[in-house]
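To keep things clear, I will list the structure first and then write my remarks on it.
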Amino acid sequence: MSSIELDSVSKRFGSVEVISELSLTVHSGEFVAFLGPSGCGKSTLLRMIAGLETVDGGEIRIGGERVDNLPPGARGVAMVFQHYALYPHMTVFDNLAFGLKNIGTPTEEIGRRIEEAARILEISHLLKRKPGQLSGGQRQRVAIGRALVKDPKAYLFDEPLSNLDAALRVRTRVELARLHQQTRATTIFVTHDQVEAMTLASRIVVMNARKVEQVGTPMEIYGRPATEFVARFVGSPAMNFLTINLKDRGGFASAVLGDGSVIETDVPINILPSGELRVGLRAEAIRVREDGAIPGKVEVVERLGDRTHAHIRLADGSTLVAEDKGISQVQPGDSVRLAVEGATAHLFDADGLAYHARQ
Amino acid sequence: MRKLTTALLASLVVTAGASAALAADKTEISVARFFGACEADYGTVTDVTKANGECGIITALINKFNADSKTTVVKPEIVEWPGYDQLTARIRSGEPPVISVMHEAVISDYSSRGLLEPLDDDFAKAGVDVNDMTDAARQGVTKDGKIYAMPFDTHTWLWHINMNLFKQAGLVDSAGKPILPKSTDELMKQAQQFKEKTGKPYFISTLANETAFYTRTFDTLLYQQNVDFFADPNKVNFSSPEAKNALQLLADIFSKDLTTKNQDYAASVSSFAAGEGGVFICGTWLIDTYDQEAKKSGALANGYAVTAFPQIYPGSPRVWADGHSWVLLKQDLTDAQRASAIEFMKFLWDNNYEWSRTGHLPIRKSIINSDQFKNLPHRGDIASLAVNGTALPSAVKRQFSIQEIEGEEVGSAMRGDKPVDQALTDAESRINELLANAK
Amino acid sequence: MAASEHIVGRGIGNKLILFTVVLVAVIWMLPIAWTLLLSFKPNSELMISTASAFHPPYTLKNYADIFQTSGVFRWLWNSAVVSVGVTVGILVLSSLAGYGFARAEFKGRDIIFVLVLLGLAVPEQAVIIARHQMFSDLKMHNTYPAIILPGLSSAFGVFLMTQYFKAIPKDIDEAAMLDNASRFKIFWKVLLPLTIPAQATLGIFSFLGAWNDYLWPLISATKPEMFTITVGMASTQTNFAQSEGLGFLMAQAIFAGLPVFVVYLFFQKYIVRAVAGAAIS
Amino acid sequence: MTDVTLSPGKAVAAVKRPTGASIGPRWSNALFVAPYLVFYVVLLVYPLFKGIWMSMLQSDMFDNTSKYAGMANYHRLFNDKIFIGTVWNTVWFVVMTVPVFVAIGLLLALALNSSDRTAAVLRAIFFGTSVLSVTIVTIIWKMMYMPGNGAIASIFKLLGLEPVAFVTSSSLALVAIAICTIWWIIGLPMMLFLAALQQIPGELYEAAALDNASRWRSFWSITLPSIRRTMLVVVIYEIVAQFQLFGQAQLLTQGGPNNASRPIVLFIYEQGFRSWNLGYAAAASEILFLIMAVAALAQFFVSRKRVEE
């Protein structure tokens, strides 16, 4: 397996720069997810690695070899497409064999590899069928199989699960995770679904508006989002944001909410810029408790079984989502009090940059 | 049916093989002709006397030639009438047929461009006595002092008459001859009388899909008034009271329902045979056909007569005429091919009597004067045509196109699509425009 | 197949429509029925009146006669050669060009495509005089290439195939690129098989177009042995033939129309399916 | 999934050097369009320009002394009543036939858009005539139109009516050609519409039925919008095709009577091959080209605009 290095890579569509001087290294054997909303440039980046988009600046190296001038087929990567892109007129076997034949792999070797891949993916009984006769899930497996038989330097997945129904998506996710654990293949996985990124990737590259917002392990992304965008995009429900006034609490910042209540954060005050600040709180950091400091009124209650989310309006009119236990007494219209776990609070400046407690 | 098919296929293969074998040691020349295709009925007939009608006789003539000739095979190529568009395209493509049938009116267009071979020397060598040609034929094939074609016939415009209906209309005299008009007034009167007595139109005319009727009839009516509309070969003149009279006469015949309307050639030919009118104004070539018809039971049974176009204007008995002829197209011919071509022309010359059985006038004085020809049915009635047949002056270019335009305009006026004056003006300006741009 | 036929409550309307269409179809068949009827009558009877077609005698002679006049067979063969030639040529050229314009980028491609599209507005007749001169100068008339080649310049097929290639999801060729397939292999092995419905459509149109073409063969194929059936049949329907050999003429028309009609009947299912089932998922 | 025991990658290395395609412009990609372009340039573009040049010559088919005449041929054309007449005849023919092709083609397609046998047979009938050659079609229709003896005349007589003289009346000759043309090639638009109809998802109609939409309403708001592209294709195709009217007119009416059915192409043909006026014929064909180009382009842009909206 090989590493993938992007070195100040740029891409323009006409006069619009869609990727600007982006650098990134995917280590050998690593599973990296590109996460972001649609149009953020993540697919473009993946396709640049695959050779399906030209590179307007910078270098791409796979396994140390510069590839950005090589045709897609010469880069030694395999890609699984969102719509599978199986060859409709070929049998499953021929779909898998096509790439191998094109590089002159001996027939027996092709047969052996396909047999093996088919066994792994449990599609051995489908080899004689054509894609049109397969279910969505089966097609997905064939698409993965087509990548697998090539034994590539790296796997590239372009939103491969988005066309599956919910149950199948979860199952396939787990299977992909297992597959990766066993093959330890360098993998880049493009998705707009944070759960997929969180569950599969060893590192996540969060992209927004053609920029990398943050690169980090799933827990870094979740626990220490670099920007307001990351904080909002990752985690469900989305992080609560409240405008605050700052108070020094012995070198740490205390956030004063609109209604006057105070949240004691662990963020050092000396790293904070001047100007407007907001506090970012995940729902699980805000608990409905009788002894809570902040009063509010319940507007909507979402019961998830293991926990309950309560949408609450504070006295100054701002709203947030708080968490309560699974069996919660909270009803819409109730007046409740909220307890905030200040240690997990993040602060954000006017530009959306995040400031966290020291680790 | 299966047996039949097998037999037919087998005979086809045998014929093809046989003709291929023959062709091997004989010179093949292509001969383009119209007159229709009738291999089905005459494909194997070599006894010309057994053939009837234009198509049958020409087919049998060629069969006979191929059977008799030791040196030549004629490959007939049957074209759409009149076939000049295609002949033009063929000449331009560099692959003309060796021989083509051609109306005498058209020869000068081709000869003046050097597309035809002059034939005087060849005829002399082959023993064709050009002095035996009728005046009409010889004039027709001679351009700028040279003979450019082997004439085949002179054909003119005449009246085919259904005597059975004429009798019914009271238009047969005591001698059993049809009573024919001697003036325009008489014409209208007799036609009216015919219509009243028989309930059928006096005339059957080919008014649809072709212009020949209009041109030929109109020209004849002008000749009868001594109008020389091509006094200047580069300019037609239709702006005479005579032209207006003639055209008005045609328009009156039409508007007074004295003719069948809307019939194309085929329809008019068959409607005369079916007795749907008294007089079919058409050409010499149908005489034999209708004569055969008169021998059967039917509307024409024992009641067919033919007469020269009656003189209804006091000027002259002249009548429109043209002639079919055979031309040798200029190309790289071997001596053998040229010899074969002349051999075929000589053969047609020798057998001109057979062709005259169609009703066309022969092109040899010796045949016209022969008893054999005179004894053919009705030929006495039309003998005058050999003298009176009149073609356009040979200095007039593009005669076929001119006749086409003239016919279109005359037709428009006759059917009432256009006022008479307008049609004459239009015809004049279109023809003069054509001639002004013609080389 | 039909989208609305199973919707409840539309039976009566459907029956009425069907009845109307059947009636129209009967009228549609009338000219052919008439021709067929005439073709079984002796020529001599028809010369008097076509009304005789409604009563006997009937004869097969007109058809038997066709076997004696070799022209029709030769013309049918010429038409077949020409039509197949044109069809194959158009399919090959249009597929290659369609793929090129839809998928294979090169500098100036889009401008060239627009220029080719402009060719759609150039009618054959607008260039026929000049074309005839060209082929005359090359002494090429009365050959199969001369009849076939001009048909290959039509931009219609290129336009059709380009549209069709554009409609195929691009990720299929991308997958093939990643599978190390060359440009030509992507065209030949991956995309071309997907265009079979369009090939069928274009092929049918091209074949019929060539089979029915009249003007160009009329001025290019001027030797009877090079006539296509279209030109050949034009040469038979002279005034003389109509007056003296009407039944035979009708038999020839039926006979000349028969081969391509039979071929059509065999292919009919396929034609409909090909034109209709163009969707690939 | 079962255990993964995929062999390590080095087991079998690629034997051939990769030759796969790459993205982006490549000169070699032009090879795909090159063969067609050769035909296009040699047999369409070159004759087009040669024709334009010829139209400015005074030239005779068999005379090599053609001389430059500037716009003389065009000047002559615009004063040629016959030519102007052919332009109007042709335009009128297009105006007469194209809407009928679209309307009847669509109606037949709607009526026959069914998988049962009857529909299949009927489709075969309506499309079947398209496979006939124009010359066979004209033979057949000559027998229909034949005055006196033709089928139509016989039917009229049978009904006690005065037979209508189709091909011999200057007002009806073109109509007669139009009828014969529609009879001949209605199959093509029908098939195109059928193909388009079958692409419309059935759910749309079911949804409409649930919304209580009448047949008419579903046609108007589902069928028509769904086949707009095909409609455009049919209209353009038919305009282009019918502007080229030739064979039917040449064989059925010879352009008569009184030039009432002479189309432009017949004029070009006659000038070229009957009158040998190559320059004049070429000039007329350029006018045909201009008219058609304008019609086709206008149609194309208007329709495209509508589709985009």
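For reference, chains read A, B, C and D in written order, and residue numbers begin at 1 within each chain.
In this section, a residue touches a chain if its C-beta (ideal position, glycine included) is under 8 Å from a C-beta of that chain, and two chains touch if they have at least 3 such contacts.
Just so we're clear, the structure is a prediction, and the values are computed from it rather than from any experiment.
Least step count on the touch graph, chain B to chain C: 1. If you take chain C and chain D together, the chains in touch with both are A, B. At the far end from chain D, in terms of centres built from Cα atoms, lies A.
Looking at A-C alongside B-D, one finds more C-beta pairs in contact between the chains of B-D.
Centroid to centroid, with C-alpha atoms defining each point, chain A and chain D lie 55 Å apart.
If you average the CA atoms of chain B and of chain D, the two centres end up 39 Å from each other. Chain A and chain B have CA centres that are 93 Å apart. For chain C, the set of residues touching two or more other chains reads 49-50, 132-133, 176-182, 185, 219, 234, 237, 242. Across the assembly, chain A contributes residues 51-52, 71-74, 102-103 that each touch 2 or more other chains. Multi-chain contact residues of chain D, defined as those touching 2 or more other chains: 18-24, 142, 146, 149, 269, 273. Every pair of chains meeting the touch criterion is listed here: A-C, A-D, B-C, B-D, C-D. Interface of chain C with chain A (complex): residues 169, 171-172, 174-182, 185, 189-190, 193-194, 280-281. Residues of chain A that touch chain C in their complex: 47, 50-52, 71-74, 77-79, 81-83, 85-89, 98-99, 102-103, 132, 146, 150. Across the interface of their complex, chain D is touched by residues 1, 51-54, 70-74, 102-106, 109, 116-117, 119-122, 148, 151-153, 175, 178-179, 182-183 of chain A. The touching residues of chain C, when paired with chain D in their complex, are 1-5, 7, 10, 13, 17-18, 20-22, 24-25, 28-32, 34-35, 38, 49-51, 79, 92-94, 96-97, 99-101, 104-107, 109, 112, 116, 118-134, 149-150, 152-155, 158, 173, 176-183, 185-187, 201, 205, 208, 211-212, 214-215, 219, 228-234, 237, 242, 249-250, 253, 256-257, 260-261, 263-265, 268-269, 271-272, 275-279. Note for the complex: chain D touches chain B at residues 58, 60-63, 76, 80-82, 142, 146-149, 163, 165, 167-170, 252-254, 256-260, 269-270, 273-277, 280.
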